[in-house]
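The following blocks contain the structures, represented as structure tokens.
Look at the two complexes coming up: chain A is in both, with chain B in one and chain C in the other.
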Partner chain A sequence: MAAVEGSGAGGTLFPGLADVSISQDIPVEGEITVPVGSHSPDEDYSTLDEPVRDTIMRDLKAVGKKFVHVMYPRKSSALLRDWDLWGPLVLCVSLALMLQGGSADSKDDGGPQFAEVFVIIWFGAVVITLNSKLLGGTISFFQSLCVLGYCVLPLTVAMLVCRLVLLAGAGTISFIIRLIVVVAMFGWSTLASTAFLADSQPPNRKALVVYPIFLFYFVISWMILTFTPQ
Partner chain B sequence: MLPVGLELPRVLGLLRAGAAPGCSGSSRCCTARGQSPSDRPRQTLPPGAGPAPRRCPGRRIPARGSPAPFPWRISRPWSRGRMKQALVDDTEDVSLDFGSEEELALRKARIRHPLATFFHLFFRVSAIVTYLFCDWFSNSFVACFVTILLLLSFDFWSVKNVTGRLLVGLRWWNQIDEDGKSHWVFEAKRVPTIAASTEAEARIFWLGLIICPVIWTLFLFSTLFSLKLKWLALVIAGISLQTANLYGYIHCKLGGQKTISRVTSRLFGTADVPQRQSRRISEDGTEEHGKAVPR
Partner chain C sequence: MAAADDLKFQANPDATTISIDEPVEIPKNQHSRQQEPGREEDDELLGTDDSDKTELLAGQKKSAPFWTFEYYQTFFDVDTYQVLDRIKGSVFPVPGKNFVRLYIRSNPDLYGPFWICATLVFTIAVSGNLSNFFIHLGKPTYHYVPEFRKVSIAATTIYAYAWLVPLALWGFLMWRNSKVMNIVSYSFLEIVCVYGYSLFIYIPTAILWIIPQKVVRWVLVVFSLCLSGSVLVMTFWPAVRDDNRRIALATVGTILLLHALLAVGCLAYFFDAPELDFPAPIIPAHNGTTVTTKSH
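Entry: the complex of A and B
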């Protein structure tokens, strides 16, 4: 502080402090404040420090809303904006569970069948996404995965119906019923996902994007249709 | 090392220096005796933060000639003798370490979020344990697969959304704005007086975050070399989920280097990503890195 230095020339430079000694017992005045974060703005407070239950409920509601959007496909951006992969995971697991143990060359526990379904769905979705990105699409990677995964919902419903029908019998009539149901759900899935994904493409490339999606859902529908319980 | 742990001694040092214990009766100061905790204006801080630090006005220069006790606990050789004398003589104003009572209380409560810490480790460890010992539990491959997959998913979600922000105050997410552009946002909460107790939590957090992907990588090699390929999908899923969390939190910690965020957004984002990296310190002290416009 100036007082300490000014003792030598105190008389002229610092007249008021001329008689202040520089012995060590001169206290130093000052304030040291530790900066404190002021009260957070509401938005950050609510999401950074919200109770866990709120987080869970919010995410669950988002997932539920997306399921509703798939069943009634409208041009809304909710599915695209807040993507999440919970729905695809649940659908994939349930579809794989229902499809296991259904082919002639499966092992005892249907193990490889189960993993096959998983790999087909996820790998297929990744390939479609890469394809659409390489064609110059403006949708992001995870958004596309999210849409494709959620649009498996109609096919999961078809699988459920097929299993129920197969409980009744495995004759021609049941096959026809299953065929109709699977074809209808396949059409629904393809239309729903195309409604969300095709918009992000330039117009002359839409067919190039829709075709892999068509193929993807076709393969899944084929697996569902050819499922025979043992 | 973790800035969380390093900041505390510095902050407490400041707190110590800021205490002005040598107060005469006329000046206003906040010794422990003079002011009870209830008097002080409490700031409503979010639950994750430590207690509010105190502002202490400085000590006024006393009238000429009156010997004043040395207020600062700076040990210079020529002042030590005087300081001790001052401490002994001055019975009214004892040089107090302001942080001491809080420090002790905080140190005692080493884990402030026991539930979050438990769940942070629970899902990861139980996924690994189930993978290792699934043959003992059940013969069914499907049941093991689904169980481990669900555990991995719950672990991913809880570490990303809950334990990260509770234990270390970090968070990362992906945000898509109106134009359909996707941004990855990495956020670090900067509260200067983060409590000493969170050192243990931070240590647990980072250890759990780093060790588990390493273990899953070991599983990957063991699966490949022992040709148990039906587990391969699961192991790859485990590695990718846990590595994603690890990468996200490291990115939050390191503060968003430009190259990393640009590579990420080009891979997962859309064509034009804003080049400007916005680093905004908002008034509540949280610092956001990344290219996003904050929500």
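Entry: the complex of A and C
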């Protein structure tokens, strides 16, 4: 606290303050309030101290909630706001794993390899997101990736059903069952992702944005449908 | 964007004043020469309603530097109905109408070429796989494979065709343009646009190629080649016809030849020949010995 000594000498500089002397006698009064509020889970000190189980369960619950949102698509912004890419990763890896073990007479002409499925899903989602952003969409990059990845869930379920049906046999009836299941899940995926993404597009370009999504899920459905076991 | 109402131009003092946004038939001697000189002097129909407005505004459109996102957004500045119109224009070419002038009109987009090529890649791969499945269906030694490798081959071929051939053609036209003053010259993106939209006819063709009849397939090849070839010819003929006669014919001939090669190559590689015309094909069996089966 510097006391302005000799304030008379400095009076010419600050004429209005000539008679003010700051000294250590005057106590500073007032209130400084820090809004404490409720402990938000984003504060570091609280999540560092919690047990590991809580951390994992929180993320798992978020992923599970999004799965439920995909299976019963309502227009809700929860999926869009809190995006995460864990769910898409789990779905993509499980789908790629289930597509392994397919027929391969020669090394060259079999089904898609693990890396190919991975690349198709992620690269396809990135291209569709870029496309919708270039056309003037207002959704953010990772939100769109999140939605497209989560909407692969019905197709992963279809893959699971297909593999179970193929355990029973590989005849015409099993093919018809698989066809119906895959077509139904393909429709579900496309409708779910369109329900989430369509609102963020300019109105006269909606079809331009929906068509690549349709193509993307069609390709994945084709890979699922043509899976033949060795 | 500048208010179009303020843009009035007077080409000749003794002519009437024409406002840009009025859809009038503008006589030739009153055209504004904002873009490359003489660009409007084709004798094809130009699509007169707002061609001048788009010409003027085109110069203002792509002004963002190329490292920003907005620069690339200018190439996707199309609405659904515009894309559908362009596709319709490529499938039903009107004789005498230039595709670029009529539909693109200084607003080339990359949406059409990119997604038409993507659709074509997957259509050819899927149709080829289906057609092979149906052709070999009854045979005891046939084991269905999804043939997924062919998708990457198809993608490489079609994207290379849709991007490298326009690049070569654009370079060639630029070179000739420096020697012979052409009345019509196209930007690189417009050429990519024409090529991309002209490939659309191959999508239904590829689906119809599933039918395992040789005659049907070749009729389809010829038909689609005529349609998309005519779009290309009517686009590029005005650009080369002022040149040396032989060079002009060679250019147009090369364009058509490459287009035909693409169609025939895809048919030959992705679609097995239907065996009803082939006597005694030889199919290698699993245990390595060769089994000859007779076709019925």
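The rule is simple: the second predicted complex is superposed on the first by the 167 of 230 C-alpha atoms of A that agree within 3 Å, B and C clash if a C-alpha of one lies under 4 Å from a C-alpha of the other, contacts with A are read in each partner's own complex, and residues count from 1 in each chain.
Criterion: a contact is a pair of C-beta atoms (placed from the backbone, for glycine too) under 8 Å apart; a residue touches a chain by one contact, two chains touch by 3 or more.
It should be emphasised that the depicted structure is a prediction, and the values quoted were computed from it without experimental measurement.
Of the two partners chain B and chain C, more chain A residues are in touch with B.
In the superposed model, A:Trp83 lies in contact with chain B only, and not with chain C. By the touch criterion defined above, A:Met223 reaches chain C but does not reach chain B.
Note: residues 109-112 of chain A belong to the chain B contact set and to the chain C contact set alike, using the contact criterion stated above.
Every residue of chain C that touches chain A in the complex is listed here, in rising order: 69, 72-73, 75-76, 78-81, 83, 111, 115, 118-119, 122, 126, 129, 143-149. Put simply, chain B touches chain A in their complex at residues 11, 14-15, 17-18, 22, 43-49, 52-53, 55-62, 64, 67-72, 76, 78-79, 82, 86, 116, 139-142, 145-146, 149-150, 153, 157, 161-162, 165, 169, 171, 174, 176, 180-182, 187, 189-193, 230, 233-234, 267-271, 282-286, 295. Residues 102-105, 108-112, 116, 131, 133-136, 204-208, 211-212, 215, 218-219, 222-223, 226-228 of chain A touch chain C in their complex.
Chain A makes touch with chain B in their complex at residues 19-20, 24-41, 43-45, 47-49, 52, 55, 59, 80-83, 86, 89, 93, 97, 100, 109-112, 114-115, 118-119, 138-143, 200.
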